[in-house]
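Labels run A, B, C, D, E, F, G, H, I and J following the written order; every chain starts at residue 1.
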Amino acid sequence: MLFHVRMDVHLPPDLDPEVRADVVAREKAYSQQLQREGKWPHLWRVVGEYSNISVFDVESNDELHELLSGLPLFPYLTIRVTPLATHPSKVPDPPR
Amino acid sequence: MLFHVRMDVHLPPDLDPEVRADVVAREKAYSQQLQREGKWPHLWRVVGEYSNISVFDVESNDELHELLSGLPLFPYLTIRVTPLATHPSKVPDPPR
Amino acid sequence: MLFHVRMDVHLPPDLDPEVRADVVAREKAYSQQLQREGKWPHLWRVVGEYSNISVFDVESNDELHELLSGLPLFPYLTIRVTPLATHPSKVPDPPR
Amino acid sequence: MLFHVRMDVHLPPDLDPEVRADVVAREKAYSQQLQREGKWPHLWRVVGEYSNISVFDVESNDELHELLSGLPLFPYLTIRVTPLATHPSKVPDPPR
Amino acid sequence: MLFHVRMDVHLPPDLDPEVRADVVAREKAYSQQLQREGKWPHLWRVVGEYSNISVFDVESNDELHELLSGLPLFPYLTIRVTPLATHPSKVPDPPR
Amino acid sequence: MLFHVRMDVHLPPDLDPEVRADVVAREKAYSQQLQREGKWPHLWRVVGEYSNISVFDVESNDELHELLSGLPLFPYLTIRVTPLATHPSKVPDPPR
Amino acid sequence: MLFHVRMDVHLPPDLDPEVRADVVAREKAYSQQLQREGKWPHLWRVVGEYSNISVFDVESNDELHELLSGLPLFPYLTIRVTPLATHPSKVPDPPR
Amino acid sequence: MLFHVRMDVHLPPDLDPEVRADVVAREKAYSQQLQREGKWPHLWRVVGEYSNISVFDVESNDELHELLSGLPLFPYLTIRVTPLATHPSKVPDPPR
Amino acid sequence: MLFHVRMDVHLPPDLDPEVRADVVAREKAYSQQLQREGKWPHLWRVVGEYSNISVFDVESNDELHELLSGLPLFPYLTIRVTPLATHPSKVPDPPR
Amino acid sequence: MLFHVRMDVHLPPDLDPEVRADVVAREKAYSQQLQREGKWPHLWRVVGEYSNISVFDVESNDELHELLSGLPLFPYLTIRVTPLATHPSKVPDPPR
């Protein structure tokens, strides 16, 4: 089940550089783990902004909230979730 | 080059049913042609709305505008384009 | 899986009274059928507005979109869906 | 009498962890007390946000304000109240 | 129990003058009946707008919705309801 | 001459408790003095918010600004003023 | 007593040209009469918009509403009134 | 003197095709005349929208309003003007 | 050439009182100098807000930006500039 | 390929003056380097605001994001990117 997620990052400019480096590194590892598990199939940077547009693939709303609230950057994020459905004009992706 | 596109459809409720069926059918054919050409790799329905969230893959801004303004539903659409860049935490997709 | 749904109805004041009565009657029947099936557990009127706030209980995003886009009033509705998760402070409801 | 309430929590990321843990614990106890008394019949987490959507059941506007302004997290909350009325299409809940 | 209500009137400029005069006259009679019953204690015009700001005094949310949705102008109104509580600094009104 | 005034209070959560208690006490005294003088005939709390909706009765715009900018809480307030006029459907209040 | 007024004109593009010419001519005459009486001391066009920014000088809110609601274009206007006060840094205008 | 201008075109989908073709052709001729005179040095299409972003070079606000209100599409446009100044970091353009 | 300018002042409540008094005094002197030179012909306080609505009379956009960015309060201001043109219904001011 | 970019600068008023001078100087050098390379062909100041409106000319979305996120002021900027296409009414610029 797919969800569109936009995340805007608001790290204070005066955040301690070590704290910042640490949380950003943990965020990257966390994100890549979820990508490898197939939970986070799409991740793009919004041009010119410290933001991303993502698509998550989860079993339930509860699972999605658990994944998102576990993001190391969560206290600094504005997150907006939009549930997605199959579009009737969608041409099926070819089998891998 | 990827662009995030949200389209909200505003077909007047009192539109002639034949006109409506015709434009919707032409929209579907047009969309599926672009999907098969690889120009429109993602297309999702927004749950509860007559809207879609899409990703286009084009060579240039001009090409994207040509594709979007050629949509049979274009006069009835509100379209919002967001340019996408590679995210530094993105795990590369496996080769097909 | 629960979703919060707000629906604002925009019926044109000059709509033919018979058309209006028919669509409103079909909406009521459709809604009550879903309530009886347990798909639409909460339905409230927003005071002073021709709007409702609802909670739907469905298996998937696709099912929710199918239910909402099948509403007889759908062409006249502005719908806003918000996915809900379990709240960690929630006291479990007593068994029925 | 039912009221729809949305609460968005804005705890500063640099809040002292003990202060934070204390206020969050008191909030939980306060919330669960009201739930047990039947004043706060619905409480959901908004997926991806540090927010909840709730329904309160109170005797009066004054009682509702007293309950909300007494929330331990009140100084950190943005609260938006919407009065609810009975919907004419509502199928009565079965007796417990 | 008091509620703050703002109503913005959107009568189409090309509405039939007789229809318009009729609905406006019925609105006035309806409003004055509620004022005399003490249900609508305050009614002011917003300067420069075809809008009013009102205070209603009712027993319940359901009663308020019944009163508002019965306004002859209801199909042409945008209504926004805000529940009011007693202010702790309020000096009691002198007895009449 | 009547003006509708909405005030939203933004006291920082970490304000020194004594400073806070002092400014809130002075605000109350100031408000009650204006109420007794008949300048501030209506004062209500907005349910769930640290906000009030008020009606002021003054001789001029200059007098209103003097009263509002003299509020002890003024540096912490967002204030929105709306001028009110007599509504043509208003039933005169009975003489006191 | 001064009030800042912004008016945005929304004349439907398909309005009968004679009706349009008539209402625009009456608006001009009405405006110029008020200007000559000193009630409407400032009137500017907003560049690129069918809008004006004005300052009115009236005795009361009621007078202002009477003047504005009497505008021939009133049914086609969005009007926003802002009360003005004397600024403490204002250098007095030289006597005429 | 430069001004940034955004124009959004709102042509009704059911406009008579001949009327539409005529006004669009006159708009193009008008625009190209101003471009050749150097009054309208930049004109870009916003990707995916029936909108343009332009820069005008005029002697005065009055001249700009005269040019914009003379656009054949003016009744169908939403226009937003932003005055521009020289940026202190601007590298002078090379002489032509 | 006239420009409408709205300025909203955001001085932090905890600003050092001497710093505050100094910047406010310099702002007043700067403003009065521009008023005496005829550059700042109108200056009004917005009732209930720490804001002003002004009209500037300058030779060019560059001059206006120079004047505004030189305001001692500039780092604490939100400024919104709207270019003004002559209104076709304006009755000429009598000669002084 | 052209992109319209608006940047709003939010430097805290209490930023250390040396830090401020340093980042502003580096921003200027960075900007002028990109202008000389032809990547940043237009740069204007928005009158009255600490903001600019720019046009960038790049090969791809990725290049644009790299340029923008490399701005020394990036942590203090709100950036909004709008892709531009060729306008069908554009008169070609004369050859240099």
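The rule we apply is simple: contacts are C-beta pairs under 8 Å (C-beta built on N, C-alpha and C of every residue); 3 or more make two chains touch, one makes a residue touch a chain.
Note that the structure is a prediction, hence the values are computed from the model and not measured.
Least step count on the touch graph, subunit E to subunit H: 2.
The chains that touch both subunit D and subunit G are E, F.
Inter-chain centre distance (subunit G to subunit H, centres taken as mean C-alpha positions): 27 Å.
Subunit A and subunit B, compared by their mean Cα positions, are separated by 22 Å.
Across the assembly, subunit C contributes 2-3, 45, 47, 61, 64-65, 81-86 as residues in contact with two or more other chains.
According to the touch criterion at the top of this document, the contacting chain pairs are A-B, A-C, A-D, A-J, B-C, B-H, B-J, C-D, C-E, D-E, D-F, E-F, E-G, F-G, F-I, G-H, G-I, H-I, H-J, I-J. In the complex of the two chains, the subunit H residues touching subunit G come out as 3, 5, 12, 61, 64-65, 68-69, 75-76, 79-81. Chain contact summary for the complex, subunit H toward subunit J: residues 2, 4, 27-28, 31-32, 35-36, 42-47, 52-53, 55, 82-91, 96.
Touching subunit H in their complex are the following residues of subunit G: 11, 13, 45, 47-50.
Across the complex, subunit B is touched by residues 1-3, 60-62, 64-66, 81-86 of subunit J.
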